[in-house]
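Letters A, B, C and D mark the chains as written, and numbering starts fresh at 1 in each.
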Amino acid sequence: MTNDIKHLVGKNELIEHFKSVRKYSLSLISALSAEDCQLQAMADVSPSKWHLAHTSWFFETFLLGIHSRNYKVFNPEFKILFNSYYNGIGEQFKRGNRGSLSRPSLDDVIAYRRYIDEAVISVLNTAITPEIEQIITLGLNHEQQHQELMLMDIKYNFSINPIFPAYQSLKPTQVPNQQSSAAIKFINFDQAIINIGSNAENQFAYDNEQPKHSVLVHPFSFANRLVTNAEYLGFINSSGYSNPQHWLSDGWAHIQANNLTQPLYWHYINGEWFEFTHYGLLPLNLAAPACHVSYYEASAYASFVNARLPTEFEWEYAAQQHAPSNTAHTSLLLPNMADSSAAIGQLTDSCWQWTNSAYLPYPGFKPIAGVAGEYNGKFMSNQMVLRGGCVLTPANHLRTTYRNFYYPHQAWMCSGIRLAKDKT
Amino acid sequence: MTNDIKHLVGKNELIEHFKSVRKYSLSLISALSAEDCQLQAMADVSPSKWHLAHTSWFFETFLLGIHSRNYKVFNPEFKILFNSYYNGIGEQFKRGNRGSLSRPSLDDVIAYRRYIDEAVISVLNTAITPEIEQIITLGLNHEQQHQELMLMDIKYNFSINPIFPAYQSLKPTQVPNQQSSAAIKFINFDQAIINIGSNAENQFAYDNEQPKHSVLVHPFSFANRLVTNAEYLGFINSSGYSNPQHWLSDGWAHIQANNLTQPLYWHYINGEWFEFTHYGLLPLNLAAPACHVSYYEASAYASFVNARLPTEFEWEYAAQQHAPSNTAHTSLLLPNMADSSAAIGQLTDSCWQWTNSAYLPYPGFKPIAGVAGEYNGKFMSNQMVLRGGCVLTPANHLRTTYRNFYYPHQAWMCSGIRLAKDKT
Amino acid sequence: MTNDIKHLVGKNELIEHFKSVRKYSLSLISALSAEDCQLQAMADVSPSKWHLAHTSWFFETFLLGIHSRNYKVFNPEFKILFNSYYNGIGEQFKRGNRGSLSRPSLDDVIAYRRYIDEAVISVLNTAITPEIEQIITLGLNHEQQHQELMLMDIKYNFSINPIFPAYQSLKPTQVPNQQSSAAIKFINFDQAIINIGSNAENQFAYDNEQPKHSVLVHPFSFANRLVTNAEYLGFINSSGYSNPQHWLSDGWAHIQANNLTQPLYWHYINGEWFEFTHYGLLPLNLAAPACHVSYYEASAYASFVNARLPTEFEWEYAAQQHAPSNTAHTSLLLPNMADSSAAIGQLTDSCWQWTNSAYLPYPGFKPIAGVAGEYNGKFMSNQMVLRGGCVLTPANHLRTTYRNFYYPHQAWMCSGIRLAKDKT
Amino acid sequence: MTNDIKHLVGKNELIEHFKSVRKYSLSLISALSAEDCQLQAMADVSPSKWHLAHTSWFFETFLLGIHSRNYKVFNPEFKILFNSYYNGIGEQFKRGNRGSLSRPSLDDVIAYRRYIDEAVISVLNTAITPEIEQIITLGLNHEQQHQELMLMDIKYNFSINPIFPAYQSLKPTQVPNQQSSAAIKFINFDQAIINIGSNAENQFAYDNEQPKHSVLVHPFSFANRLVTNAEYLGFINSSGYSNPQHWLSDGWAHIQANNLTQPLYWHYINGEWFEFTHYGLLPLNLAAPACHVSYYEASAYASFVNARLPTEFEWEYAAQQHAPSNTAHTSLLLPNMADSSAAIGQLTDSCWQWTNSAYLPYPGFKPIAGVAGEYNGKFMSNQMVLRGGCVLTPANHLRTTYRNFYYPHQAWMCSGIRLAKDKT
């Protein structure tokens, strides 16, 4: 974003893209009630209603408030209510209380979206400067991130309800019936100096993926698929959660303090394992990738099988050579299972993959200029990088340079385990 | 409740009373959206939807499940979801998460109410045993308590929204315009042995008001009205919140730990005082009683003016001799102001009044028999008694023997300050 | 203390009494190291060193600083360091950090004591005004309270050390060998109007015991002895700690949150019960009174046996009629066992006894005048009264009007269970 | 440690080195009382007594218990009491309670040390296998780490005492009188592939420094000295602590939650700045390096001056080319000031230097074999690397490959700020 992006798209294309992304956000709540859209079952998640409002606030604040002369603010209270974390913009409503706001109502928020949409399209219909194009592009990528968040958050919000509500219904015939997987293969990579990151020349990239730079990668091998539920169950059944041996010290403290004995959405009921999904409670599919694990769990599992997690550079290198195909993308909100035909599979279409890299700036990193500079840079501490993408990520929001990041204890995103090893 | 109640009412009267109380609960949400009814802005309060469901669960659990032969449970999940605190019934859904349930929806809960209403009326239409009459009476009194709680909780839930939503609208002409009050007078009472409590002979009474027993009361004097906002403001302006002198040790620790500098709903904005009400933010009415004060605040204020809080026995004695009139009861959801014509006023129609009595059993106290025995008895520690009633209390739910109770730090109920003194 | 105390004692007697009390405090640490005297294993307890300094600070602050013309402060830093909770005197060092002060050393504190002793005796040798006599008397009673606290606190401080250090050694022949007790008898008391409290005419009494006033007590019966370990074990063995039935709501929450399954100092090791004592770990003596129980535990046990705890007025009435004898006072730091010859025994020489009375002011209560007024009054919320005395209490510090008070969850004092019942 | 270390030293040399290191630990408490040695003013620090015992426990557990046939354990309780965090060895006494152990006494611990010393020397006098040499070397390096910790912890333990005790005394003539510093110069480094880490061929190195491997470093410039107190004061005086602009998001949350407005040991008293030191409270020396800053503070300061922190690879590269001289090492326990003659100074003899590298394994990292494998590896999450060394570090414990690590919020170690920049 700090570099000029040369006319990536034409005006009409941009307007159509804008409309399409904005419409998709709304489609995500088509099966939800206003009550559903207000849920906030822990401080890390936000109500769907809030996501819908905040993504509009983003365009209002960074585009309309700056680049639209006659723009009249929809509601001055929203400046605080829907500011997520931009101190440069001003005060923010307390994050953990977002679920305690019934006003504005969902209907009010939808009206707000409509108002913003019209105002943005009106700006786009006059003159698109490179600056405006940049902020539109950032805003749409931002909205796509929130689309994935909406799906993650709804799942969490429903998960604590003992009724286990389903976000969508699943016909029995749709339930994936693959039940086993071929053994993991480790693909070798030689030492190399590789290009990491992007200069956002031909494709949008966030500031945290920039600049493109060279990294020396040591010989390693990389698993051809993600760890499955069956494999992870092996760890559980080997006293994985009651023996500190394989855990990082902070990880062991975390599972002790929270009495964790299994991944976030797993339930052991009357001698059988289930997993909470967007389709309600389903029997645990042993061939599906282990998902919703924390970094601590991923790291402990890797140690258990004498492997380790890859660095984010190893991951990007592997993805450069085994370009992820999105063709296998299912229409279900369940992580895709391994495709045995792929040399290296499940790179972007199944679960995000914890790396052993801390989320830190690349050499030469510069935040986006202006108030949107808080977008990524200020979170560069205490978090770990996840690479890839997941079944909830909008398809055109994926790229091999993408850096996702979460705290090591978090697990409500679709986070899985890719193994790696030092090449011997 | 432990005593037999002789046919207080006839069958039709009972059915009409049942319908009327149940209908009133629903009327309280007539101006609210489903989103409003789901709010739970702190663990102490519950969503309106939850109150509507729990009061139905009460009849289902203690009446239909026991006394109705063919009763079919509406939804077995509700047994846990809407159990407040009855360990004898079983597990309970986590109190602090009640606002995180979008399902059942408000519509589902209203259907549940209808189903319960029909089932109860059907029971009442067959044969009313004394036992059934007792449990109906208890259930209706229980529901009336929750009606007051609904109004308290809605107020709190709206109060943290910076938009300050109004539960109801108030015409400018309705705003109370009394701005000053005559000085407090202290009415003397001689030493006496008085009857305290009720045997529930002619009127329903909770187990905690029983049995009627004699108490020796020492000479005291009792304020003819409640402390006003103007008077309480004098305490604030005398560094009341920055000087430990008048505070109980626990109270001082509480206001320090929570940075309290004023009562719960007061706001100081641009040099003026406001109070959040069911009508949104209103200028602080100096003649109105100070309301939403904690026991710690009430006790500190009393010390500040060289007075003390009355015991619950002194309060009951005063109320016996100055029977509270409910005629002055306003239709507004604002505490009534002092009526200078009353010898002792504002006993039940304005704010509950903190007493200096801990909530403990009366001599000879016995909990209601059966599982409903958890109703009152198990809360007899750490709480203080409030007496009287408030503008939110259903009118026919008041009596001079009524014992309300809250923790000393709580303030989201309509709690005001009645002063007393040792008679010298 | 608010009343004039007429020459209770002569000058020499007072000086001797002063010397004797002060000396006894020092004797309590004769078997302890400087390291032992610095321990503070939880915020509720204080290091022995701190007690020795604070009781000297009390005389310095309330006597020497006010009544001694040429008194030179020993060390100005001590004003803050050894102020317990007197906001009227000024700031206080953070209570929970008292164990984190190695300077002043124990030797410094002993020198401080000597300095204060000399200064006080010098004041007493000149002229004793009634005011001075009052503050000396208060200071010595205050010191006696701290003597009991020192013994309580040392026990707690040693209890968390897995080595289980012994404060004193016990010869095998000294171990009490009584192993069983006669069944509890309930002694009846008729309704009466009784005198409660003291006017401090012939004997010192704290402000919280004053004034003497009449109370109407209803018919009750009162256990002739305390509940034994054997009896309490019956409660444990009947799933007492895993069933909410008999617990107050706050009590159940407390034992759940803290995973409590037995009284504070009990240990179950290899199938046998032990109790940590001033003599290290001893096998649980089944005939000894259950000690170190919280109010919640006492209340749950009483409910378990269909009894209740007495009110503090019932306790005082029983003690008036069955004057406690201190003759049976053992020299061991273990609660005395029941003496079957006593009509009502173990009133003051064994364990303090939880009552069902909240710690609140008596009618007409006035705090001591001046800064020492914070002594008792400001703690009159959230605590329950214990009556009697215990084996750790200095013998001449006992009286039937004495009101001890602790929070319901606390158990590091010698707190036992006296049962009572409504007389039927 | 995972590699064989060829006879680094002869037997006598090893014994002498052992004696010398062990003696130095004891010398650190020569001016402390037993009370001082028991202090633990926060959970992160340990009592000096505990350090003295734990470093002996280390030899007992990893050497004597394994390699000495007839070794008789000194006290079986110590296995738990002085185990820091080795789950492979067994249970550990609760870390935060170490200051609550008066037994064993300091004298007991010194006797324990003597016992261990004799047993170790006896082993060394028989036959030194490579394994034994390795564990001795590890144990001595471990002890040297604890020597620095002892000095850090004593400083913290004294710092919360309002008396501000001095660990050592300082003559007025010893007070450093340098008051100003030349402006920072940035030294340029070109892109290079460099060797990072050690194979422990000629010098001991921890497992976390291994293996030696190549890293590609991008062009950068590196400050010739550390940031001074004067410079850091400029940040404070520019509203550094009240403006979120330069802070990482977690850092801003941390200083808000803890009300931080200055570095850990700074005090602003009557308009003047002081710093707590091993010599008590001293006026803040403006020319001295800013010390005891957290990673958050270091990062915010760097942003404030448009710079950044170096990576640990940049730091090691700079140190390779500007070999740190220890000649300027003062005998004072105060960070050395900049030596203007050095091209790049203060590398190891002043303060540790926060890097912008997370503490993670090197490619090919393997923990030490056996139970000591918990030494370093399990802490590789959530911490940041500090490089260099500080004035408290034993002189022969320094090397350019050394990786120190702390959580970003911690500041009780001697942590300073080295600036770097991308080379433009």
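We take it that contacts are C-beta pairs under 8 Å (C-beta built on N, C-alpha and C of every residue); 3 or more make two chains touch, one makes a residue touch a chain.
Each chain and its UniProt protein: A, B, C, D = Ergothioneine biosynthesis protein EgtB.
Note that this is a predicted model, so its numbers are computed, not measured.
Asks: Which chain is most remote from chain C in terms of Cα centres?
Replies: A
Asks: So, what's the distance in Å between the C-alpha centres of chain D and chain C?
Replies: Here chain C and chain D have centroids separated by 46 Å.
Asks: From the C-alpha centre of chain A to that of chain C, how far is it in Å?
Replies: 59
Asks: If you average the CA atoms of chain A and of chain D, how many Å lie between those two points?
Replies: 38
Asks: Listing for chain B: what residues touch at least two other chains?
Replies: none
Asks: Got a list of which chains touch which?
Replies: A-B, A-D, B-C, C-D
Asks: Under the stated contact criterion, what part of chain D meets chain A in this complex?
Replies: 85, 87-88, 193, 213-216, 218, 220, 244-245, 247-252, 295-296, 299, 308, 356-358, 360-361, 363-364, 378-382, 384, 408, 422
Asks: Applying the document's contact rule, which stretches of chain C touch chain D when the two form their complex?
Replies: Residue positions touching the partner: 33-36, 38-41, 77, 80-81, 93, 97, 99-106, 157, 160-163, 165.
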